[in-house]
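The same chain A turns up in both complexes below, where it pairs with chain B and then with chain C.
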Partner chain A sequence: MGLVRIDDRLIHGQVVTIWVKALRSTRIVIVDDSVAADSFMQDVLRLAAPPGVTVDVCTVQEGIATLGEDTPGRDKTLVLVKSPRVAEQLYQGGVKFRALNVGGIGAGPGRRSVFKNISMSGEEIATLKRLMAEGVQITLQTVPGEKCVAFVSMAGRL
Partner chain B sequence: MRRKIALAMVISLALVLIGAFFSFVHAAPLVQEQPAVKVSFLMAAVVGIMYYLALSPWFANIGFTVLYRPLVAGTLVGIVMGRPLDGMMIGANINVLYLGWISAGGSLPGDPALAGYLGTALALGGGLETEQALALAAPLGLLGGLTWALRMSTCSVFAHIADSFAAKGNIRGVALSNLVFSQPFLFVIYAVPVALAAWLGSAVVGQALGWIGQNAIWVMNGLYVASGMLSALGIALNLRFLFRGSLFPYFFIGFLVTSLAGGGINLLLLAIIGACVAFLHVLFTEGLPEVEKAPVQATEARKRSGLLTRADVFKSWVLWLCFSHANYNWERMQGIGFAHSMTPIIRKLYKTKEDISAALSRHLVFYNTQPDVGGVINGVTIAMEEERALGADISDDAINAVKTGLMGPMAGIGDTIQQGIVIPISLAIGMGLALEGNFFGPVLFAILVAAFVWGAGWLIYYYGYQQGKAAVTNILQSGLLNRVITGAGVLGNFVLGALAVNFVKLSTPIKFIIGGTTFELQSVLDSLLPNLLPLLLVLLVWWLLEKKKVAATTVMIVMIVVAVLGSYPIFGEFGFF
Partner chain C sequence: MTQIVLVTHGEFGDELLRSAKMIVGPQNGVYSVPLLAEESPEGLEAKLDAVLQEIEGEDTLILIDLFGGTPYNVAARRMRELHIECVTGLNLPMLIETLMMRDRVTAAELAEVATQAGRESVRNLGPLLNK
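== the complex of A and B ==
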C-alpha cells in the first residue's frame, strides 16, 4: 500500500488537495468500525473523494483481510484510520506496513498536545511506541512539504 | 543520493545558463525611473495595521480571502504610500508566486500577505522596479511561518479560558473569549513587526540598492532575472493541480491565443471565452446535470418547529463568517469559533444554567473545516439542537458524530472550490487587468470572491439548517459539483496559459555570426513561436515539482541565487559566443 495515515478527520482538505495528488492515489481505504456501520457517513466520504479516487470503507477485520494480501497493484492505496489503536490492530492482524504517517488527532479529554494539530493520550503514545519497537517508521507530518518529525526523535520525551 | 546530486547539478547548470542568457537583456545600466518613497512612521504603521487586518476577523471573512492576497495588499500599500498604480503592479507581480497557494487544515506554506504588504512597502520604499519586487518579496513570504507557529500555539491557551466560561454557563463570556485575548495578541505579533520592518527596512533596502546601483549593477539585473523566473514557479505551482487528464490542452490554447495576440489581451474577455469553452467541454464530456427532485421531499420530511427563526440562523452565520478563525489554534482549531457561532442558538433554545453550560461545552471541542462550504455543518447542527430542545432523543454523541464526521469531507470540497477554484481564477483575472494598469482588477477580484463567500456561504448555511443531514448528501450528489470542478479545471488552464505570457519574462541575447551575417537567436525563436522560452521555463519548473518532487522552496531559493550569480558580468564579458 502507498501510505497508512492516522487522521481522525479521515478525508478532508489536506488529504484531497495535497496527499492524494502527491501520492497519485486512486484508492482510499478507510478502516473504521463505526464508519463501516454508518451508511450516511459512507455516502458522504465516497462523495467527498476527488474524482478518479475510489473509497472503500471497511471494519478492522475486513481491513486485515483485504490489506493483508499485499499485492503490487495496491501501491498507491492510501489507508486512513482514526487512531493509533486501529493502526496497531491492523499491524498485529498481519498488515505489516513499514511506515506510518500521523497526520492529525484532535485534542480531547485525556489527550495532550504532541505536535502542531496532533494530540495523544498516554495510551495512544504507548501504542505508537509498541509499533515503533516492531520496526515501523512513524512520522508526524500534516502534509508533504510541511515540517516532518520522526516519532523516534520525540518518543523519549513523551 | 548520487542521482539526486547529479540531478541537482544538471538543474542548477540549466538555470545558470538560463539566468546568464537573460542577464543580457537588461545589461544596459538601469535607470531608476521612479524615485523611492520616503517611508514615514505613519505610513509604516498603517502598513503594519493592514497586515493585521488581513488576518483579522473584522471583515466577515473578506480578510483572508481578499485582503490577504498580494494583488490587493500591493494596491492598498500603494494607496497609503501615494503610488497606487505602482503598488498595484507590484502586488500583481508578487501575487503570481502565490496563485496556487492553498492553506489546508491549518498548514501555512509561506505567507502571501507578508510578501504582499511588507514586500510592496519595501519595494516602493527602496525604489525597486515593478519587475524586481518579487525577488525581494518571495523570501519575505517564507518568514510568515514564524508568527504562524507562535499564533497557533499561543491561542491554544485562550481556548481554556472559553472552557471555564462554558462551565459557568456564561454565553457572553464564551463569545468574548474568542476575541478579547486573541485579537490584541495577534495585533502585537502581526502589526508591530511589520510596521517596524517597513519603517526601518525601507531605508536599509534603499541604501543597499543605492550601493548596488553604484558598485554592482549586475545584482539589479539579477533581481529582474529572479522575478521573471519566480513568476514561472507561481504558474507551475498552480499547474500541479490543473495540468492533467484531458484538461492540459487548454493551457496551450490559452497560451497560444494570448501569445499570438501579442500579450496585451484583456484577461476578463479571455476568461469569458475560457468559461464558454469550459461549458462546452463539460457539456460534451458529462452532459447537463439531471434535475434534482429529492430536496423537495426532504423539506417536507423535516418538521419545522418554529423555535428558531431565519434571523437566528442568520445571526449565527454572521458570527461564523466573521469569527470562525478568530482564535484559530493547534489544540481546538475552529472549536471556539464554532461555539461562538452557536451562541445565538443556545441563548434562544436553552434556559437553565445546566443546559446552557452543557451546550457550550459540547461545541467547544476540536473542530476544523472550510468555513464557506463547511457552513452546512453549522446549519445541520442548529437543526439538531432545535430538535433536541424540543425533546427529541439526540445525544451529545450524535451531534458530535455529525460534526466530526462531516468536517473533514466538507473541508475537502470547500478547499477545492474556494481555495482551488474561486480565489485563483478570480485572482488571475484581477491580476491580468492590474498589469494593464486597470484598477478594476483588484476591485473585480474582491467582488467575485465576496459574492462567493457571502452569497454561497449563506445559502449553504441556511440549506443545512432547512434540510438537516440530507443537505450534505444532496449537495454532494447533485452532479453539479463535479461538473463545476471539471469546468473550473478547463478555465483555470486557459487563464494560466494567458498569465504565463503576461508575467513570465524570458528572452535570450545570443547572436550567431555566420559568414558576416548576424543571426539573433531570439528573433529566430520568435519566428517559431512567440514566448517560447517562458513556456519552456514554466513546463520545466512544473516537471521538477510534479515529476521530480523538488520542493517549491528549494526551487525558489535556487532561482534567486542562480539568477543573481548568473548575472555577474563574468558571463557578460566573456559571453558564450
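== the complex of A and C ==
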C-alpha cells in the first residue's frame, strides 16, 4: 500500500496534492460508507482532485474486498479514511497495511487536541493503540516535510 | 436581493467583509461562516446549515475562498438539495462587485459577475507598466 491516511476532510486541495506528489500516487481510494452512497459528493471530490489521479470511492466492505495484497498498483495507491475506526475495520478485514498516517481529525464532542490539527476521543486513541500493537507504524503528520511525530512516542501519555 | 454567504479558512471572510464595507458601505444579508483551526468538517457543516436555514427560500450565492478545500467540499455538497450558487476564489474585488450588483441581477447571473470580477482583478503590473 502506498499509504493509508486518516483525514476527516478526505480530499482537500493543496494537502492531498502534496501527498500525491510525494508518494507518486496515481490513484486515491476513499473508503467511506456515506460518501460511497452519495454520488453528488463524489463528483464534488473528484472535481478538485489533483490532475492525473484516479479517484475511487468504496464502502468499507468493498475496501476489504479490493485493497488486499494482490491489488494492481497497490504501492501507488493512497487510501483515505475519515476515522481510526475505519482504518481498523480495513485491517481486521485483511487489508494489512504497515504504515498509517494520521493527517487530520477535527475537534468535536468527546475529542481532545493531540497534535496540531489532530484531535481524538478516548475510543479513537484506543483504536490506534490496538493497531500499533499489531505492528502498524503510525505517524501524525499533516504534509510531507512538516513535523512528523510517531504515535508510539506519545501513546504512553494519552 | 441575493443573500451572500462567505465560507473561508479562518476569519478571512469576516475581515474581507469589513474591508468591502469600507468601499461599498454597510450591508444587510451578508453572512460569514469561518472554518476555525482544529474545527472538523462536521462543525463547519453545522454552522453553514444554520445560516442556510435562516435564509431559506431566498436567492443565495456562496463565495468560497479556495477551490478544493474543506469550505468547498462542505458548501458544494449543499448544491444537491438547495437552489444555491457557489463560486470559489473569493477575493476583495469579487466581493465588492457582488455586493454592488446583487439587487440588479438573478443569483445565477450574480455568480457569473463574481467569477468575472475575481478573475479580471488579477494583474501582473510589471509588463503592463513596462517596468
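Heads up, the rule we're going with is that the second predicted complex is superposed on the first by the 151 of 158 C-alpha atoms of A that agree within 3 Å, B and C clash if a C-alpha of one lies under 4 Å from a C-alpha of the other, contacts with A are read in each partner's own complex, and residues count from 1 in each chain.
We take it that a contact is a pair of C-beta atoms (placed from the backbone, for glycine too) under 8 Å apart; a residue touches a chain by one contact, two chains touch by 3 or more.
Computed from a predicted model, the values in this text were never measured in an experiment.
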item: Touched partner set for A:Ala107, first chain B, second chain C, both or neither; value: both
item: Touched partner set for A:Ser25, first chain B, second chain C, both or neither; value: neither
item: Partner chain in contact with A:Glu146 - chain B first, chain C second, else both or neither; value: first
item: Partner chain(s) touched by A:Asp8 [first = chain B, second = chain C, both, neither]; value: both
item: Partner chain in contact with A:Pro51 - chain B first, chain C second, else both or neither; value: first
item: Dominant toucher of chain A (residue count), chain B or chain C; value: B
item: Shared contact residues on chain A - chain B and chain C; value: 8-14, 38, 40-41, 44-45, 47-48, 106-108, 113, 117, 119
item: Touching residues (chain side chain B, partner chain A) in the complex; value: 102, 104-107, 109, 152, 156, 240-241, 245, 330-333, 365-366, 368-370, 401, 404-416, 419-420, 469, 472-473, 476-477, 482, 485-486, 549, 551-553
item: Complex contacts: residues of chain C adjacent to chain A; value: 37-43, 66-70, 72-73, 76-77, 79-80
item: Chain B-facing residues of chain A, complex; value: 7-18, 21-22, 34-35, 38, 40-41, 43-45, 47-52, 104, 106-108, 113, 116-117, 119, 142-143, 145-146
item: Contact set on chain A toward chain C in their complex; value: 8-14, 38, 40-41, 44-45, 47-48, 105-108, 113, 117, 119
